[in-house]
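The structure is given below, and queries will be raised subsequently.
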């Protein structure tokens, strides 16, 4: 129920504002005796960290995570492991560049949460977006790193498959490529093209949308539950909950609307290790329950609303005005949404793994 | 957390299988003293009821709902009102056509939940799909009728905007038209076209996917909550949780990926009654909170997996075989998904209304 | 969160009023493939059923339970088993004696929920207490019967240990005796004494309080969880939530306040099958987690507020008046609270078993 | 569901171990624009702080709390207020006296959570009790300070009413007295008596149990909800969840078992401001809903298990041994349980206030 908690049995509660002293999260429900070191969490944070290329915000944050609770040396091995108690993670905010907020303080950026926070709460922490800042997603990535450790047979990978109208060629897909360009792009030719394209957008002080694809391999059949505990329901919610997300699809997704029953049916044969599907329009989920195939989710993110061109807007006193945003921001928030999407996949799967284990003992 | 419960403060718990004695739900958390009669719920059920045209399943069910608890005459007006206690609704299953299930009993329909239920639970109620049947959605519609009563200023309407690859012309949109054709189609020309198109599919024993659009007008600014209680997060989950849904988008949705920040920004002016937005790419939600604009959600549904053409599959003993489904089914489940989508919108909004009232007193 | 749902993973949602058409519950989260027949549930309901002796209300209700969903023949054994889907249970209300409610309709019985329901909701179903009636506890007993089936190694037994100021002699304790008298009393001498004592109270149209003790044997060490998922926390809440309960204690309970650390410490030795405690002041729970010892809970119930002697009160219009309750009622609600207390123990333990299994895999 | 979260709408998630780097909590669901300063929270922490008299543990902790998120200057008044975002509170652990844990590391203290944590998780943070330490209750007190601010008309006060077998004289009750002695005792004569009594216990390295009473005045009629959202159910759970608690009672409590219906009925008259009850056996709660009277809860705490006299026990390898606890500890944990009980009352009431507002709009 909690507005700032994700998950049911594997639960992640995040806190903190973009320009407050720190951000953090509490991960509760983690099974005991799972080896966990800060360095493992850090490696995922480093993928999301701002300032790693010219295509992300130039804010400088080392994003060094500290574990404040919930771990202890294993009495037998001496290795640091989880204790079953809540794990508290904290990242200090360091580069809270002191600046003049007089422009943004009272004006609402079109396409931004400024106006709705104000409508709901009667005030907002306007510094860097406060609670609505994408900075919060650092804690999702940190929690996702823990989630991965409790579903060790599952491989979760994300990629950027479209920037603006420019989609990758699926025939060129190479997972290894995602580590070689600043876009997490699996298609080397698209990555080269995007570099020029995004440079132009960046220089113009503009921004552009994107599509992210996340897959999970190795999920056994049986995770998820009818009818309101569906795995795809929770994945859709989790991905739509990422900042700037406006659409989510699973497997064939919106393309399934144009398919006939014959085309859509993923036929089944028997392989040496169990059922083998001849296609994956389902995206690995049938009736809300994993089928054993790869789980495939895509989500669309809109362009960031912080742009240089002046837009018409109002201020909190209802006066008409204009706004243009200088400051540091991402020309394409979709890039850093890739590790965030991976983290959401990991958190949802870890939660469903525990839920499945509770009901079935598996 | 419950697998069969939707919502947090306005909570809907459904139960029942397609061919069991009855289906039902318990609606908990409803505010007291809200007038509620069976006839009001029935009118929404009648929209979703099977057998009303040749384009939906020919199963004959009056779907007559009974209220078993939670209502009582108001001491002042004498009118039947909610008491604040849980409302139990039941619909008896009448047309459980006795048939030979020997074919479907052991075989898994490709694209259907048969195989995943079996993988998870070790058994399944195969009669008519059991718990995975779209019959369960009748209770969503019933609960949605109650949800509408607690957010009286909000108008929720749904429409079918695409069947197969054939989309409506948005310029032709006329809400009144949705009541004049068997497709809930807002475009009279598309409706005429679909009639022939779907007849052909129906006669061939095939099926086809579709896209449903649901809007909510009159939602005040402020409903929803960062960062894991986002209105769009919950709407995405709710819509993806509808049987056969494979994609969800809000406002500009996937098209937002191709927009620049300038194009995407919904500029704001001041009107006589408050802020006025010059466009609605946001679909009425910013930062997870309603902006006061229309909330616009679309979801794609895949074609039903019950088709006449034989498909390759396996049975529960792992033996390779084929299956073709005779029986009664919907050639396009998207049609009856329209009132279901409306109900999900109503349930999510009612829940968020109560959550907003809890935190802010508004 | 739901006001009418108990439990987190094993979830019981009840509905229905004393004089409505029926009462029922939905049990969600039950593991699949557990044999379950109506007769098994019925045997527990028969223990709680009204009208079985002159010491309980004379309302005549067979309390015949029907299972409407969530069970199906096991594909291998053919035996009816749970499917993992929600189990809907219904009991029709038959003996809703038509009577004149004009007296109770507007007046508040002192010590009864009449006045607080009215304050909260602005109305109440006054017929037989409506939702606040102890009739609701029939569904707890029914759900408890299912709960017992998922923790098969655990034996749960309840007894009445005090009526008014008359407590049993613990030295006389004999579990078999609880089935031989109408009080679930484990002490034959106390039972004989209570018979006369309660006859007198009954004839005077009065009522009296009582203390119930419930134990669970065979609970392995490890169920429950710090620090807000404590087993004793949930048991205390569950028992205090039984109609008329005013106190709960575990193990030594309130007597522990007078103990020194030396007296209270349950010393530990090693037995052939693991740790052996030399006493059980802890009542089987340490730090919120089961120790493997018997879990021992006691709760006090107040006398029913429906009595013959006139009491001063007000009506819903704020007018001072008097009230005396004729009608059928229990002279000592503690008697029928015994099977209810057992059911609450079973439900809490089943829930914690699943929670423990989720986190630890045990 | 979360094991380390208390509450549904006003939610408190605590984390941290006794001898880790820090302890903390996240308070979510707090209404916006409530003035909140660290000093207000600190004043309650100072009541619970260890080392303030010779009757509590001599551990020296300033327990200085920091607010890391969820507050911001009000745009109109400039005063620091809540923003509606989660409030993160942290207290650093300073006096983690470096010591030799070799004795306690492997042995289980009788009456302590050592053995059950080990049984559940396979390990435990043994330093100062780790997660099971009463140190965790500092965060309850901090969260309770915030809870009080959202129910401003409610006065919550606690008192120690019994140490060992020595109860106060109710005729001597004076709330002002609780601030004048180190026991929060409302009876000056009892306080004087306890001073010698507890000195003796302390010098002997022993410990003793106690009874705490907490009252809430000013709670309007209507908070709480049938049938599993009862105010007394949640209070009982919350109080039983306090470290060392073994019993909870409300109003007449266990004494109600010996009352007749006539004695127990709190008769009602009409006063100038509404209903007036002539007694308060109900402890302010009827049918799980507040009646407008004072809410009165008592809970018993057992003596601490850390005592000097050697007790028989086993170690984690199953070997029989003895243990005696030196170190710093409270001779009567009941004393510091008083502000903790107050905090639990505040948290439960704040949560129910929001739940009541959600359903009824009141």
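The letters A, B, C and D name the chains in turn, as written, and every chain counts its residues from 1.
One rule holds for everything that comes next: contacts are C-beta pairs under 8 Å (C-beta built on N, C-alpha and C of every residue); 3 or more make two chains touch, one makes a residue touch a chain.
If you're wondering where the values come from, they're calculated on a predicted model, not measured in any experiment.
Peer 1: Would you mind telling me which chain pair, A-C or A-B, is linked by more contacting C-beta pairs?
Peer 2: A-B
Peer 1: Suppose you list every residue number at the subunit A-subunit D interface; are over half of them used by both chains (same) or under half (different)?
Peer 2: same
Peer 1: So, what's the distance in Å between the C-alpha centres of subunit B and subunit A?
Peer 2: 27
Peer 1: Using mean CA coordinates as chain centres, what's the subunit A-subunit D distance in Å?
Peer 2: It comes to 38 Å between the two C-alpha centres.
Peer 1: Please compute the C-alpha centroid of subunit A, do the same for subunit C, then give the distance between them in whole Å.
Peer 2: 45
Peer 1: By residue number and range, which residues of subunit C touch two or more other chains?
Peer 2: 1-5, 8-9, 14, 29, 32, 84-85, 120-121, 131, 225-226, 355, 359-360
Peer 1: Which residues of subunit C touch subunit A once you look at their complex with the stated criterion?
Peer 2: Against subunit A, the touching part of subunit C is residues 1, 9, 29-32, 84-85, 225-226, 354-355, 357-361.
Peer 1: Quick one: which bits of subunit C touch subunit B in the complex? Just the residue numbers, please.
Peer 2: 1-5, 8-9, 11, 13-17, 20-24, 26, 28-29, 32-33, 66, 68-70, 72, 74-75, 81, 83-88, 120-125, 130-131, 316
Peer 1: Spell out the part of subunit B that touches subunit A in their complex, as residue ranges.
Peer 2: Residue positions touching the partner: 1-6, 8-9, 14, 108-113, 115-117, 119-121, 131-132, 136, 162-165, 201, 206-211, 221-230, 232-241, 245-270, 274-275, 278, 281-283, 285-292, 300-307, 309, 311-314, 318-320, 334, 355-356, 359-360.
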